[in-house]
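My questions will all concern the structure given below.
Chain nomenclature is as follows: A, B and C, assigned in order of appearance, with residue numbering initiated at 1 for each chain independently.
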Amino acid sequence: MATITLDNLAHSYLPDPKTPEDFALKELNHDWADGEAYALLGSSGCGKSTLLNIISGLLIPSQGRVLFDGRDVTTAPTADRNIAQVFQFPVVYDTMTVRENLAFPLRNRGMEAEEIARRVGRVGTMIGMEAELDRKARGLTADAKQKISLGRGMVREDVNALLFDEPLTVIDPHMKWELRTQLKKLHRDFGHTMIYVTHDQTEALTFADKVVVMYDGRVVQIGTPQELFERPAHTFVGYFIGSPGMNLFDATLDGRQARIGDATVDLGAAFRHRGPVQVGVRPEFIRLATGGEGIPARLRRVEDVGRHKIVRLNVGGTEVSAIADEGEAIPADTDRIRFAPGAVNVYADAWRLTPEGGDAR
Amino acid sequence: MKKTVNQKAWFLVLPVLVLVAFSAVIPLMTVVNYSVQDTFGNNQFFWAGLAWFDDMLHSDRMWNALGRQMTFSAIILAIEVPLGIFVALNMPKKGFWSSFCLVTMSLPLLIPWNVVGTIWQIFGRVDIGLLGHTLDAMGIDYNYTQNILDAWVTVIVMDVWHWTSLVALLAYAGLRSIPDAYYQAARIDQASRWAVFRYIELPKMAGVLMIAILLRFMDSFMIYTEPFVLTGGGPGNATTFLSIDLVKMALGQFDLGPAAAFSLMYFLVIMAISWVFYTVMTTLDAREGK
Amino acid sequence: MSDTIPETVLSSRDMTIETPRRAARRFRPSGSAVVMGLYLLFLMLPIYWLLNMSLKTNSEILGTFSLWPRNLTLANYEKILTDASWYMGYVNSLIYVVMNTAISLAVALPAAYAFSRYSFVGDKHLFFWLLTNRMAPPAVFALPFFQLYSSIGLFDTHIAVALAHCLFNVPLAVWILEGFMRGVPREIDETAYIDGYSFPRFFIRIFMPLIASGIGVAAFFCFMFSWVELLLSRTLTSVDAKPIAATMTRTVGAAGVDWGVLAAAGMLTIVPGALVIWFVRNYIAKGFALGRV
């Protein structure tokens, strides 16, 4: 196990990149702490897989360095890094039995037969395939195959890190939940560093201690699920995490106040920034009102999604969502919205501004 | 894919059925007809029963030709299949050079078969051919028209030249269908080059390789034009394969009865072996689709 | 400074662009290139030798041994292209090859569709029976074909050769097309029927464009096998439809072999194939796998 350090890392698939736009992965510095479970979250094509392949050594970055516990492995082949990786589509060796599949990475490393048998037996139980160990891998279902792929990573107990590249894409929903639980358990039991790539926020938020959100080749925020929810560092994080995503209002700053259209809202803290900003408020923190203070809004429709209701409103031409409790009555004459205190974030050029005096807490 | 039962589909197959029946069944009946009759010329035929079949089964000539044929097919399969796989493994995967290799490799496949024979006939000649001349200059006594071994080697090299690309192209198509993730997983698992071939590439190529072997077996078993042009079946009968012998018998000596009986048995041998290949192939297909 | 964005994030907003690391892309003589180079050399040498000879005079061919023509001459080609009895061989070959390709595709398309979409009584046996014809040695059929086509008055016509080549091309075309058609989801058919398409209209307007590459590949193979076959085409023709491959035997005369013209004629038979390959180069590999990859 190791701390993985990315030092000025960037990658372009073009032979001669000129501008940051030519890079699939833009410059990045980060330490992946030993033994932590990370989720790498972002929409497809944002550079997640590129980053993962650089860490595992399948790809050599066009600039910057990768360090394992301080050792430079940037150009080292995959074999030298002792990394396990599970891919989006299950990779099994069709002609081998399940047992041989699980033993394969160990056998390639010249391990003793006894030790291999012990580990394979254990991993077989762990992935719930002990009954099928002597079956040929060909013809198994997609989730059984993916379990074998996971198992091939787990048999190597001394790996520096376990990398998962959207491993549950092809798995049935109920199996997804089960496999994810097993992965968490595995993480608790062994304490491997895990990096889990996904575009599914639920998967990311439930799996990881820390979530790394990527957007357009950049890491836009690294934080706990709670931080991502309460203080999205970038409007993309606000939009991508949460359902529905964060509401954004064009505004101008005036000390502790922001003007949104004709209305003025109190931000709870002072911000210093010249030029236009955006005020971001999650639907969970929007309160509905009739008359009185607040921003004028027109009620458009109410969607009941079970646990709660989503209220769609129109504020000065833009669509705004609010979340109301299941039992809460939505008056038809609602014409104002207010923001819950302390739940307001301010963005300039899509990046979050910190209030003067720093964030509370 | 589950197919729906629909007997009207026969109407769609009907044109093929009529056409192939016309091209195959009528001539085949003619052959059967000859095979059970004898003639003294003047188009007068009489019933000979299975005498010709009996004759042919006991004729050294046919057994010798069959033996040569089997040897030839076995040798070229043993060379072309591994060589084809090897070439496919080394082909560039994309870009200009990939297209270049594909086109260049296909070229021998599109040369009329007698021209293939002619090319090697010229190429191997000691007086005007590059190969023959070079071998001669190196002090090797090479003459494919006189020496049995030289004739065989030349015929085999010619066939390898002509058809290895077919195997290579098929294997290449199989290799191209392997997703990148397999190779990446193998690197993660620290698989050796040999293990990658044995456990990833070979299983994925199995289906197309069966097609390759089937096609090469059928075509090599029917080979006629190329060796006929190159060696004319000689020296002696050394390279007289089944088809060459058959044509000699039927058109050269006009022994229609024996030739027809010979044809039918020849056809049956090919069909039997091909049927085995085909069955193996379709079961493999079915297993793959599971 | 109010702009406090986490350290990692901040640094990724602007970046320095370095010269890309070349380690992964550095050139080294690769074993693959050597293997392919040798193999292609092996394939090209005999063809080069034919080309070399076709550009020499007979006296140079027989008199001196040279790796390239010393007295470059196009006389051999000129002779072929100006003599009707020569160049008509090419015309004849092309006529029956094109006829055969058209016939084979026309009958194979509906049949392949039936095999790929429906199951019906005897379908598997029929399919195997079709394939057995691909396995039929032309030598077996040479004489019966001769008699059959003579008796119906088609001897020495293009259509006779075209029909005879259907023996092995139709099964092959059915096989290839069936492979490609299997790859088209049948939901497309069902949607089209629901939208009110009749079968012929659906087949021509919707389905055929979908398998255009398959049709191209099948056509290529019909062309190829019809073009290279000699035994049947020679047996079924004498003068009017005589193929180029058979015409080439004329070079053997009383005065010996006219090597130069023979080589030139051979070179010219390679040209149509080379042209056709170029058009289907991206589908060749898949086509040789009969659409089953």
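Assorted remarks:
FYI, contacts are C-beta pairs under 8 Å (C-beta built on N, C-alpha and C of every residue); 3 or more make two chains touch, one makes a residue touch a chain.
If you're wondering where the values come from, they're calculated on a predicted model, not measured in any experiment.
Closest to the middle of the protein, by Cα centroid, lies chain C. In this assembly, A is the chain whose CA centroid lies farthest from the centroid of chain B. Comparing the chain pairs B-C and A-B, the larger number of C-beta pairs in contact belongs to B-C. Centre-to-centre separation between chain A and chain C, using Cα means, comes to 51 Å. If you average the CA atoms of chain B and of chain C, the two centres end up 17 Å from each other. Rounded to whole angstrom, the centroid-to-centroid distance between chain A and chain B, based on C-alpha atoms, equals 57 Å.
Of all residues in chain B, those touching chain C in their complex are 1, 3-10, 12-13, 15-17, 19-20, 22-24, 26-28, 30-31, 86-87, 89-92, 99, 101-115, 118-120, 122-123, 127-131, 133, 161, 165-166, 169-170, 172-174, 176-177, 207-208, 211, 218, 221-222, 224-225, 242-244, 246-247, 250-251, 256, 259, 263-264, 266-267, 270-271, 274-275, 278, 285. Only residues 31-32, 35-36, 39-40, 42-47, 49-50, 53, 61-62, 65, 67, 103, 106-108, 110-111, 113-115, 117-121, 123, 126, 128, 130-145, 147-148, 163-164, 166-167, 170-171, 174, 182, 186, 224, 227-231, 244-245, 248, 259, 262-263, 266, 269-270, 272-274, 276-278, 281-282, 284-286, 288-290, 292-293 of chain C touch chain B when the two sit together in their complex.
Taken in their complex, chain A has these residues touching chain B: 53, 56-58, 77-79, 83-85, 87-89, 91, 93-96, 104-105, 108-109, 138-139, 149, 152-153.
Across the interface of their complex, chain A is touched by residues 179, 181-182, 184-185, 187-192, 195, 199-200, 203-204, 287-288, 290 of chain B. Residues of chain A touching chain C in their complex: 8, 10, 12, 15-20, 23, 26-30, 60-63, 74-75, 218-223, 233-234, 271-273, 348, 351-356, 358.
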